[in-house]
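Chain lettering (A, B, C, D, E and F) follows the sequence in which the chains are written, and residue indices restart at 1 in each chain.
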């Protein structure tokens, strides 16, 4: 997203505003408050709340319900703590590194500590806006992007559930947020980023968020190894009620994620929401029927997983494609992710415990590529190509995996990644947090 | 005195309780248990991982009775708990060396 | 709603726009993007998210907490799957059948596959709007209406909980959505619909949604019969915590349902939200005190049920009445639905397991009739009458019940509606979905 | 809030509107509908939904998860019933007493029964607005304020969990809402209120909501005494999953609470949301690390409690301070509230069961005072001082505690406050409500 | 050796455990059970449907003891578990044929 | 006939069940219990309030066997349940006066 809606706003703005305006700023700038659209701002404030709700409680519950009862609190805590840590890092440097011009691969420090992000009250009546969203206050844009930066590392937790030390998890996520998320976001979304210049399309984060998190997840299950007793002991989800609540809140919140990525309450946002709904439903049914046919029963975990796979796959495409392509993208994602999570994983014998890679990695790749196939110039005003998309995917896959792998190895060699066998047996709730649920 | 223990199908609990009350039993203790036996469990599949749940939910009831009442109680349980299908359960009888009612300190017969 | 707010917008619009605009379109049309109100769009995007949240997780939890532990996942799955199926049907034909002119009883196929629903990017800068909401993109209007179409069949599930086959449920809901929901919605809300022409008032769906679902529920408990052991075995709700979460999310989401039915962020929406809050609180207290007095204790299930009864009853009235009438409507609904759910049902001896009819059918009828009594011309700009309302109620009661009954019978004779006795005993979670909660 | 954003709007409005407008109304008035901002209205409708979600299910779950299993439903019911009761009281008189001019300490009855709150439909096209929010319908402003009035008494419940009669609780909350909440809200927020005139700054309710509720909580644990077996029997939270869901929804909803207190979708709202996020994260981490260091383990209850402490502390400051002060406020609140809830309470030996005072009272005081330290004239257009803040705190502490204490004593002497020993042993779910969870 | 089984009121568990430890018991096994007896349950009403919950939550404790310790243990339980109200529960005593400590394979006396 | 009761570590259940099946046991009843013994529990801290959780989760299995099978079963349990760490649990053996299979009414040996 970002770059294109920016053009979109400009297009619209130029119709309404003094010609002078036509040449758009390329970095955060001060504008007069009356240039702010209350309508756009209202929707972006709302979208920010919705995306935060995706992480807490949405994702936390989605994962929490799938683990064993002795690990549920530890799992919820991971997402909650990640949101807190990323918030502080975003303020320190993350936002600045991702969304200020800087170089082709990383932004600068001009916005560190949200330095220069102002609202000058009457009588001055000026405030700063991001060059990526000219009709809303920069504070709102920075908050909206913060919620993306927060949920992305939290997605990774699904891969290493039940066995990572909390301290190591915090260290990994902090490093990952600055060293992996910020650069990829900059390259793909910031106009000066080289993948953005190359024309890679990623409306709401299929590449930056999902492929990126999926690869980090894959790296983590290689580095950590399997859960104790994996394959021998039964490890059924302890309470899918939580998982279904989580999936539902992810779905609802995703409207903020995708339609919010329009940066405005406009026709583009409307389309993004509509195709998100269609792809999600198609994917949920795709997974459900694939499972029903191949395993004999349609499961709650299946339909919920399918919905998430659809949400992931439509994310990069949401502002670019029409209804029918959305249904196709959803169906493909639902069926392919079903295969990835139920067969591929068991075939390749790695323990991606809650399928962070199987759903977000695979689903993200499907979405990124199909965006190139189905992008509609009418809706988005741009062209795309599978090859350019493939380039974005390849870079993210390679960098996301390698960088995550290295960070994890370093932490493992320093403070150690994995809990002791007794702790794992007793369960992380009691051993790491000294708490348990009745 | 004897302690009669029966492992029954959970949905039969109310019937059995009534049946034994009818023959004069005044107290029963119930425990939720899981049983393994001829009756098979089921399989659950989560994202392709199949788990055979071998244990079936059962309910265990314990009744302390005077010897005189033993046979009637056993009959009452059999009648009320039987469905004729595999998994109806078992009755185990033990000798009771002593019984005490905590509230009163009464012993044996009068304590039951 | 729909027709009247449309007039409202026009009223407002005419003040602001070229005279040409005064004669309003009677079918979806293309307009220039700058005719779109970002503020109205922001609120309608938000309302859409809120109404989806009513279904998942709201309604799913409201019902899920009331069933026995062995059926909770199956109950959650029903609502979730219905949302997915209706989404696809809405795209295929549902939206077109309900909200394009067509005949007096049903719309046409002009919008099948959302055909013609476009957003033409810069430089064209036009997009399509519905003739029922001229200041927001048609995509947003279609999505908003989709969430109504999705929750309505899900409400029915409360009547046949714990005993319907999942496959039969899917078939029934698919048929019902196209054969019952779409026509009723068209007749009541689309300007060409005969009940709309007749002047039936239904602001946000008391008739279309609640009476309709309630009657289908009643039909289903007649066709399916009672749960195994009903009346003999204890069937207490296994976890009212879920039910209270559900009732709360229904309440919050209902602001999108009622205030969103204004189609805009305006004075009408504000009034709709205010009266919704008043009626809900009054009904919750009404039910609670009625129960307290007659049964000796105020219960959590009671206050939650009362709140839902109030939400249902104020739905048709929300854009038409003032504060004091809202309190009266709420009180009446709370007390009458209490009687319906606690006495009437047991007297008539049908097993409306979670009171889909007792709350939605009865509550909907109360609301529809009292709308005729309390409608305020000042607020709504229209008159109403109990007799005209009665007409709308009668048609919906008759058609809703009959059509549902027939569809159910056909499914019963073909694939069969009810699970086997063993499956029902073992619980639907394990027998239908192969899952269970700890 | 209120007074200052009002000025803000005026500032903005004056730039856009006929000079006549410059002198602002000092009481609710009728204006033409086209003076309403759809964007501001959209955000305020959304904020209202968010703040309601904070109470139900947010706060209900936050508290419900912390009590013993036998009391969870009773705890959920308290918040739900309070929302209903306060809604009716707000309509009867509460809103009028708080937000109409009246005297320096209390408003008048001009808006009792929402009398005069109108929306006059086409062709008149006028509606009433509050003098405290001139760009949104008065219905929306009254609803937004209603949600504040509803959550405040519900916060108190944390102090007397597990031992108060439901009937006594209803009586206390009804009295408290009119006799304590309304006057304090009037004094602090209504331009004619003496603390407002004195220049006390309370953007979103640190004083009115949190200190106020905290003191009532403290009073209630003195009047009621400890839970049976307190200190001897183990009383661990039965299900922190619920508590974490609650904390998460509080966080998300708080964006409506703080950013909504701007009364508009503008730069002020954006800043309020941003600093809310920063302070919350800082406080959550502050509490977590303080606990980790002093008790050896970081707990889920700890990080969740810290987040709430941060939300509380930033509330009065949210529209007044910049990012870095927000982080400082959060850190201080997290650490100090940790000490208050874990040591102070045990030292002073009162049973503030769920730390209503420890978190809301202490956190509110910290926030109110630090607002005086960090207020930025650039952002808010006003100056503040710790001494003026201290005045506001002192008045609220004194009046809130004393009035609550007296009301409780009167109820205790009349109908009695506390359940019987058997009821408390058996648990309130069964003894008061005749229900239980599996 | 004997196995002493006591059905007590749940909130008495800690007291009883301390009491038996004081007389030298080193191990206890506890089970959550439901009891039916003189003490009545309660009724729950859900939307007009009344359910009589006949069973009362109870806690069952099992203690293997050498014969010498039997009487002291019984006394300790009675003292600590008694409230004097109906529902205080029962003590049942059984003969133990054999006891084994799994960790060491020790038998009987030394295994307790 | 005897009833063999074993208190074991929960995660050992599957192994033990397989082990006893291998020596010919056809039925087992399992109960979740909590144990107090040499193995210590843990502490939980909630907002500064420390709770010592003295009881450790354990699993209790009950197996009715004919005398002939007794020793093999005990051996099987010891082998499969042992970790060598404190808390491995205990085996208690009782005399069974009578056994009935509810479904068929069969008694004793044939009922097991």
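Definition applied: a contact is a pair of C-beta atoms (placed from the backbone, for glycine too) under 8 Å apart; a residue touches a chain by one contact, two chains touch by 3 or more.
No experiment lies behind these values; they were computed from the predicted model shown.
Least step count on the touch graph, chain A to chain F: 1.
The chains in contact with chain A as well as with chain E are B, C, D, F. The two sequence copies chain A and chain D touch through a face in which the numbers common to both fall below half of the numbers used overall.
With C-D and B-F as the two chain pairs, more C-beta contacts join C-D. Chain B and chain C have Cα centroids lying 48 Å from one another. Averaged C-alpha coordinates put the centre of chain C at 53 Å from the centre of chain F. Contact with two or more other chains is made by residues 31, 44-46, 94-95 of chain E. Within chain D, the positions touching two or more other chains are listed as 37-40, 42-43, 46, 234, 237, 245, 265, 295, 297, 299, 301, 434-435. The list of touching chain pairs reads A-B, A-C, A-D, A-F, B-C, B-E, B-F, C-D, C-E, D-E, D-F, E-F. For chain D in complex with chain F, the residues that touch the partner chain are 234-237, 295, 297, 299, 301-302, 305, 341-343, 345-346, 355.
Only residues 229, 233-234, 425-426, 430, 434-436 of chain A touch chain F when the two sit together in their complex.
Listing the residues of chain B that touch chain E in their complex gives 3, 17, 26-31, 64, 94-103, 105, 111. Interface of chain E with chain D (complex): residues 11, 14, 42-46.
For chain A in complex with chain C, the residues that touch the partner chain are 7-8, 11-12, 15-16, 37-40, 42-43, 46, 50, 69, 236-241, 244-245, 247-249, 251-253, 255-256, 259, 264-271, 273-274, 277-278, 280-282, 284-285, 288, 295-301, 303-304, 307, 322-324, 327, 377-381.
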